[in-house]
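Input: one structure, supplied below.
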Amino acid sequence: MPTIAPSVDDAVAAIPDGAMVVVPRESSGVPMEATRALIRRGIKRLSLVALPTSTLQADMLIGAGCVETLETSAVSLGEFGPAPRFTAAILGKTIAMKDATCPALYASIQAAEKGVPFIPLRGLIGSDILAHRPDWRVIDNPFGNNDPIVLLPAIKPDFALFHAGMADRAGNVFIGRDRELLTMAHAAAHTVATVEKLYDGNLMDDPALSAGTVPGFYVDTIAVAPRGAWPLPLLDHYPADGGHLAEYARLAATPEGFARYLDSYVYAKRAA
Amino acid sequence: MLRASTSPSQGKVRVEFLPEELLADVIMRLIGDVRHVAVGNASPIPATAALTLRERGGGKPYVSLLGSRRHMFFTDGGRELFDCAGQGRIDVFFLSGGEIDGEGNINLVSIGDYDQPNVRFPGSFGSGYLYYVVPKVILFRVEHSRRTLVPKVSFISAPGGSAENVHRTGGPVALVTNRCLFAFDRARRRFRLESVHPGHTVAEVIENTGFDFDRPDAVPVTPAPSGDTLRLMREIVAPQLAEVYPQFAERVFGVKLAASAL
Amino acid sequence: MPTIAPSVDDAVAAIPDGAMVVVPRESSGVPMEATRALIRRGIKRLSLVALPTSTLQADMLIGAGCVETLETSAVSLGEFGPAPRFTAAILGKTIAMKDATCPALYASIQAAEKGVPFIPLRGLIGSDILAHRPDWRVIDNPFGNNDPIVLLPAIKPDFALFHAGMADRAGNVFIGRDRELLTMAHAAAHTVATVEKLYDGNLMDDPALSAGTVPGFYVDTIAVAPRGAWPLPLLDHYPADGGHLAEYARLAATPEGFARYLDSYVYAKRAA
Amino acid sequence: MLRASTSPSQGKVRVEFLPEELLADVIMRLIGDVRHVAVGNASPIPATAALTLRERGGGKPYVSLLGSRRHMFFTDGGRELFDCAGQGRIDVFFLSGGEIDGEGNINLVSIGDYDQPNVRFPGSFGSGYLYYVVPKVILFRVEHSRRTLVPKVSFISAPGGSAENVHRTGGPVALVTNRCLFAFDRARRRFRLESVHPGHTVAEVIENTGFDFDRPDAVPVTPAPSGDTLRLMREIVAPQLAEVYPQFAERVFGVKLAASAL
């Protein structure tokens, strides 16, 4: 049975250095409180898979030195410009980058969900994305005639980590339309979720709610984190905190500014 | 709030509009009569165009705005955009590029050697797939300069064309910039200058474009948006945009995100 | 925009002779009223894909001479024994049978959903299912080492046909946890759905209901059919009508009895 | 309602139980201490075993009953059972066969030439996959006869064993019939008689089995279900079964489907 951890710091304790962790795009429930907890703990050598893109979360983890390998299709701060710590890490070659394209990541995670070793995908032929992915293969479609197609290996994360609206005490997590969170939980060996609040009752007993639920069967640990996606948005709950994101963009432009940002918003909690 | 204006011309009503509004209007004409337009992240001007068309069409075309809850009918998570495109059910999509070259190749990754880049962009997003399977891809790059429109991209996130035997049901149809509109000829893999925006010149376009392109002897001026279109954009669409593009909606249209839009 | 048809007969009018139609398993909303309408109309040469199995529905369509090809993993009447018209058709060789295994059908439909020409699946190697499927291929997994794996071609139905609890006037259909209905609608070129009732309002406006909804974008036609799965069950709504199913099993044991069954329960409506 | 009984034996309490209850009890022991048991359609006796174990374990193991709404936590449609198995998250599953042979091959399709069969069964269901990837597959066939337990099946829906290089993380562990319990030796691809049910004999098993099998010199009698187990089955589990197996629940346990179970 899933555990309801007493704090977000406790919930992420099970994620070890070196783990492969899959996290969702900005609009699907980014676990920012959990991200701050991981940085506070000083997690190292993460193999981070951002499905299929990331914003603040990847930039902070990279800036704080937690990431060894990043696989994703894009990292930026969206309306707030480039992701400064990501950009600096690529230019400074301090992380290993696996550039992908969005549907390739979704398909690779679905391959793990289905327990198949690979999955085909159209597109990519003739791109430099493909040219720089020696772990991908091109075969001649056996059902076609001189029809090259890319095969992508399954991505099997050690952990799925995300934030959602609510969970019940049996560990069922309501995700609504953010279905990639379900795929992530299926594909990953373990799942850690933070939620805005606990739901009284069992989500699976409600025909409507159960349709948008990750069963507790797939979930290891849950922690309650009100506004746990802040300063990013949680759809149906709260918008992005634009003022804070602008401040991040400004500070993170330099290593010194980024360090100050961490002191103010991440390590502060530890000091307090 | 400042509003740019067309040059006053004899006898005509002076229509005032912002560059963003002109570009959205250009994109509306490029979209044309289709069933489904999808708009990726970080594309506020294409989003403005798609939503304005939908308002005018009374709900048609379907519009999918990535990152929106209200303007997105998908119920199968982030993959549905790509699955939908693979099914042939997305008619129009928009892509940009840190660099775009004369063959329609786009670069969203980096400049210089991939392993030792001088400049890094965010990454390829869905371009490595959608450019192949969406019939009408409209390239969109506001900054029209020799830095962005180059002879040859450093990194091909997605190629403008493919070999005959490569499965390809889609590709570029046009490139919209702050200075002009190019059409793309897929057979010849070349751009052709279609119109120059009000206040810009053909000489300026040539001067600021790093690749060769075709052009007719007389290049028309891009028509200005109609008053009706501008009214739709400003009064009906701008508040809708604020959910996904709050900074843009406030900067261009002076609209703030309402609490009810969450 | 999807059409709300005035009757079930009108709703199925768009499905032509010779169409490939995918229908769901017994527990996921079998469109029995629509099936009776198709039989009444005398539809012919269906290529029926039962995802992944069928009971009464396939047996009736086969018995009524509507089916040319059947692809599925099993047809039986469950607790009421073998499916008599299916069994007779196989022994009499009046239909072409493509025997599959359940996950192969799900995976093939998902391949169509993803727009990929094929999808791999574990299992099957050494089975006679595989031996009798010349349309399937075995390749050596390019990511493995002497690791044979089956590739299944995408199944792209012309129509998805199913029954669900409710739809709204924009054509959105609430399916709750019966997610294969969504996959079917994605994979098929067209979708026809019958529903117990219309929902007032828009299903997409409700965060919980929208999570279990097939968007109207994928739906061509809807018709209201109260108890439209009868005599099969509709989960969360009504159970199977065991008495009626026992009667069917008894009558359908012979061609004459089956004809009497059709007269009583299918053609009766036309006569009336 | 008639209840079968064990032969009265000296000094022991006579426990009355039905054959279905004995078989469910046998299956409970075979399942053992695992995390997740899935039960396919048309398997009421295995379902009885799994639900009884769950009651006894206070919610452990997880049980997934195909076709049930209440006893099924899946939220991703019919494919989730197979995806879950592919992830290695289903520990026990049950399969049957129109024919089962001594190498553990099962036939759910037809007898005679596939293209001109003499007998047709419903079809392979998920066997062509689950037999390969579920660690503990328990074969279950009530009718123990030379018609069902054959030297060689006509059609292999799923093979009992596979070549070394074939991906196979699962397979058969046992075969339960109305007469006895066989264990399966994967290395030797042979069955071994483990126990004979009360009221049956080894000679009868040999007489009615179409394939060779191993057996110890002394074959134990299958132990009877305990009173506690029978109570759990009859009082707690039988009403749960009625949702998915209304005919079975009524015939065996005399329980009718309650309207609230829908």
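Letters A, B, C and D name the chains as they come in the text, with residue numbers starting at 1 for each one.
Here is the rule we go by: a contact is a pair of C-beta atoms (placed from the backbone, for glycine too) under 8 Å apart; a residue touches a chain by one contact, two chains touch by 3 or more.
A quick note: this is a predicted structure, and the numbers were derived from the prediction, not measured.
Sort out for me whether A-D or C-D is joined by the greater number of C-beta contact pairs.
Of C-D and A-D, it is C-D that has more C-beta pairs in contact.
With centres defined as the mean C-alpha position, give me the chain A-chain B separation in Å.
Here the centre of chain B sits 28 Å away from the centre of chain A.
Where the CA atoms of chain A average out and where those of chain D average out, how many Å apart are those spots?
41
Can you give the whole-Å distance between the Cα centres of chain A and chain C?
36
Can you list the chain C residues in contact with two or more other chains?
107, 114-116, 121-122, 147, 149, 177, 179, 182, 210-212, 236
Can you tell me which residues of chain B touch two or more of the remaining chains?
74-76, 80, 82-83, 86, 133 - these are the residues of chain B that touch more than one other chain.
Which pairs of chains touch each other in this structure?
By the stated definition, chains touch in these pairs: A-B, A-C, A-D, B-C, C-D.
What residues on chain D touch chain C, complex-wise?
So the residues of chain D touching chain C come out as 41-42, 66-67, 69, 74-83, 86, 108-110, 114-118, 120-133, 155-159, 162-163, 165-167, 243, 245-248, 257, 262.
Which chain A residues qualify as touching chain B in the complex?
Within the complex, chain A touches chain B at residues 24-28, 51-53, 72-76, 78-80, 82-83, 86-87, 90-91, 93, 99-104, 106-107, 110, 121-130, 132, 146-149, 177-183, 235-240, 242.
What does chain B use to touch chain C in their complex?
These residues of chain B touch chain C: 36, 59-60, 62, 73-76, 80, 82-89, 133.
In the complex formed with chain C, which residues of chain A make contact?
Checking each residue of chain A against chain C gives 107, 114-122, 137, 139, 141-144, 147, 149, 151, 153, 174-177, 179, 206-212, 236.
List the residues on chain A that touch chain D in their complex, please.
Residues 1, 112-116, 182, 186-187, 204, 210-218 of chain A touch chain D in their complex.
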